[in-house]
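Presented below is the structure to which this report refers.
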């Protein structure tokens, strides 16, 4: 079993505040969908930020394809092949949808190819095509989410990290979203997502991770995680499962 | 009729120069969210470079423009690294920079004062005090050249921002630093670049200003409010707005100055600012804020 | 123990150009006095503070001189606007207040004690000498018939303007009339005012437009009452650009070398400027008890600073001379005694400075002095009036043929 | 891979978290030291006794000058610190106060010490009216509008001949001897400063103050939280103008000279801002500390470097260094890192 | 209780809300659902007046409120949360909550910012939502879900008569969400009227008495949850057959 990304025992936090992530670990295998769940404030978003270089890692290692990523800037990490869509969506509010997509392919040098891929994306997401010239900031919550997600498809990274991709999406679109994710993983893009919609998330994932209080509490095949009664009670809304 | 035309010409000619003076300010604000109160002081820095070249080697001020621009851009790089880099991520950035640049303005003034004394200077190439006479009206050569050069520079800059890849990166960084970083933009580099361009514009403006106005280190205080009015009228951050704002205000000020009184011509700038705040707070070309 | 003398000057800020020159004047004089053994056998220590052209700071610093630095004597500061409030505080402390610059009449009408003005006369009366030049130096038929008067909204410029146009000088605090200058020197000389315009003290940029208005007014004479040499340069350059062709141009500032440098020789040619001092005027004075004439001053100054002095350095130098003579005359640094001694000066027993002889009336304005009217001729500043009082007066050039 | 549940380590994390939470709540109720400003005030009130043993006019002047800026910076803080609207135009109210009371003194001989509160009200009224217009915009646009306000006021005052125009207005000095002449103004300024600081404290800890802080962060949110943001900010503007206006009134008589370019200077506004920011925007002690520091630094520069451009360079440098290393101001930054000395916690 | 009549909001050419009419009955929980971009948030904005409607009327308790400023509307008992949490950084969570409590008249303005009772009340609300441990944390140092919870807490502080919730459960942990559902129901039992926008169908179906469905700025269907879930338009435009999956 090959490991694409390995996070061992890392500690990270904001500024000189307390360590929010303290002893988290994670193993990402190529081509699979990984889903992190955990209560609010567990540190899920923080963990992803630490991996992609937005926060400095105080202790521990992040190793990607055998190379340490600690201390690199986000833009450098992106160029290595890890792409992150944060929870706050990170769109350019005053740029049009098309320009946002163009920014998504900023690291591509071939302009022609970029435009071709953008057209491909617009083809795939009619919502976006209709609004190709609207400013991203004026789109509805769900539309923005779609855009943020679609943007990552442009550069075809090795790993896509998504922070709550289903957030604010209509049920129909949520399903589409997970379908896209599956398709991505089928195309060889490894997916790491954080989900509060844990049921959906785990159902569509291969590997499940439970994070709480900044550390990995539980790690295993998604189905196992989903089935564990303790986890159901603590993190999945026990009554529902019962 | 000739009188009206004449006043119009004079207003436009002055407006062209003011547009360049303001555009760097607008760029640095638009891109960096830095309200650079030191901009006029740096313009004076550029003017001194030009003046020295003119005085010692008799180099034409317009020919000196690229040199002044590059030199000031280099200064910009240093300033950015020293002053602004640390805070660039802070939420209060924009507000803090107002004060930081206020401090910078004082430092630049002090430094220039130490180097060049507070004597007023001006470069006097032939065209600075000459004019084209066309029948009853005349077009001052100095202002005309300065205005044309300004507009050319601004046009080039706008094209650069709109269409080049770096331009894209600059705009993206402005809007969402974090997102840009996540998409592979080296935001540090982009910030330095944008700031350097802004200060470079100050240098360029300095070259032109050197023969249009006379200057000394403390002069910048007189310019800041006027330039700011122009920038706000046009819409903070919009370079096109700055140009239009500068031209409109200069023309109106010229009419007010001639017909009502010179005292009131400066008032035009500030009054216009209030009126615009009243009826269109975001400025002529600015983005509408969330809640009216 | 050293004799400490304090001066607060606008070394930075809006008035800094003149402020810096004033410092040189004071410093040079102090140095020369000390080289000659000091005053009453004591070395003089000059304490200069920068008030940044700010009034509150200026007042503050004089109090500081008196209370903290324990100076025995002070020199005045530069400009009417700073001098006015400083006069109030120095009067309160009963100090002798020798004023290098601060010519507005109102300052002298406040009832302050021990003011001594070291220029020709209150600014309001400056126009007298302008009118005299026109009447005496221009053949009767050729005098300019009309004038455009433009001025900075500045204390000093306003004062000159009031005299030229014959306005009333009032104290706005009490609405009391201080002087009625009607009908004004211009109308006295039979010149009609075609245009009158003021520009604000700060932030004015629209020079070309102003110049254009002047040109369009068709006035034969232009009077520019500027607040600084900088403005004089701007105004002149603009008049040149718009192609104005007045027969006579009089400016209240522009005697400095920066003026020619800024406007160019041709444009400067023929411009008339009033001044209190000129380097070539053979004034006799004394320093450290020995004769020290104007030429000596120019020489010493040039040796020290490598540039020729101008009015802004000569006037403070004269203030310093006046104070020195007052201390020597009174035999003490007791300001009350010094004041008495200075007040006792007469035309025949005056204070002798590089600005000529000084004696004062009871409010502190000099008696019977007239301005030296200078004119730029071929890139150098020559004096053309008063004629017959001293040697070296050049012939007046008229009319001015364009810029 | 085996499924593991790592319970044991979880409790350690919970422990660490609890410790952090405790630290946070400790920060919240650190006791304030009201005795310190009160003692300081008492000492300053007794300071003029020095006049019996010599001439300490300059010392009194410095205290008076500092007090005036303490009041102005604290007043400014209400708008700039609490509501988050940085104004570089507050010198206008300084001027309005000065001229209003000054004219009353000149024409009717009523001392500004009596009319100062009235001057404050006039300044507040003008602040209210101006605020209605300029507070429509936030951030940099507001700052610039405030500069423009200053410029407009300057031009109007310069051309208003009734009050002496650009030439200014002289006021009669009082009849006290040199020794005691400063005392009325000294005590008046001290009282105004103390009153302003006290008011700022009261405001900060009121509903009004909380509302201001809220709207300084997010106006839409504040508005939908039930806060009448427009009224709050305009009221804050008026209040802060009130204090600055009072200072202007007394300062005018103290100087005995009113002139637009003494009062209506961007540097006067900038000083208020600088003191507030350097000391700690939004804190109570901040403006006081800031004012003391800046005046002291100024004195230091004048005393050690005398007359030179280094003056300006130095002031700018201090300002920049302060901002870079203490972005929240001295008090604010120290408080944030938990290192604020007890005596400086007046909030 | 709340009546929306023919509400329109246009942005240039975009008709975000286009003639929406619906009512919210007193004491009921009404849900507003619809695909992304349907105009739900915009409708909320118009009702709470954080955006000015282009045309149309909003009535609260028989009083027209569409011309009032937002704080007035809040004072009348209508409070809302934001889809993307707006919180006040540099203020602690408890301050964020207390800020929402009512202030009466001018004198009320100068009362102490946080009285004992208010503090206790705020703490009990935080406790109720299970976030007491972050009471003194800075508002912008919260995780996404924590911000949502804080918003909800603040809302409850002002004792509103009607609350508008914009996706209260988005990004909130399922376990916690269960509790929130319980709380909303409890509040509703006490007489609080609720208008809620949510994409979590399960929650909507369990909670609401009435559902209004919007698409493309228009109301396409309204009625009880059961009626709505069977409506073919709704199925097609919004649910995309998801519900059936889950039910199965």
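To keep things simple, chains are lettered A, B, C, D and E as they appear, and every chain counts its residues starting from 1.
One rule holds for everything that comes next: contacts are C-beta pairs under 8 Å (C-beta built on N, C-alpha and C of every residue); 3 or more make two chains touch, one makes a residue touch a chain.
Please read all numbers here as calculations on a predicted model, not as lab measurements.
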Third chains touching both chain C and chain B
D
Most distant chain from chain A by Cα centroid
C
Taking mean CA positions as centres, which chain lies farthest from chain E?
C
Return the distance between the CA-based centres of chain A and chain E, expressed in whole Å.
28
Taking each chain's centre as the mean position of its Cα atoms, how many Å separate chain A from chain D?
47
Report the inter-centroid distance (CA atoms only) between chain A and chain B in whole Å.
43
Between chain D and chain E, what distance separates the C-alpha centroids? Give it in angstrom.
40
Among all residues of chain A, those touching at least two other chains are none
Quick check on chain B: which residues sit in contact with 2+ other chains?
110, 113, 118, 221, 225, 263, 266, 291
Residues of chain C touching 2+ other chains?
11-12, 153, 200, 202-203
Listed in rising order, chain A residues that touch chain B in their complex are 52, 54, 73-75, 78-79, 83-86, 90-95, 99, 102-104, 106-107, 151
Chain A partner, complex, touching residues on chain E are 11, 14, 34-39, 41, 83-84, 134, 141-146, 148-149, 167, 170-178, 199-202, 237-243
Show me the residue ranges of chain E that touch chain D in the complex, using the header's touch definition.
48, 50, 69-72, 74-75, 79-80, 82, 86-92, 95, 98-100, 102-103, 108-114, 133-137, 139, 154, 158
Chain A-facing residues of chain B, complex
165, 168-169, 171-172, 175-176, 178-188, 287
Chain C contact footprint on chain B (complex, rising order)
3, 6-7, 10-11, 13-14, 110, 113, 117-122, 124, 128-131, 133, 138, 140, 142-143, 213-214, 216, 218, 221-223, 225-226, 253-254, 257-258, 261-263, 265-266
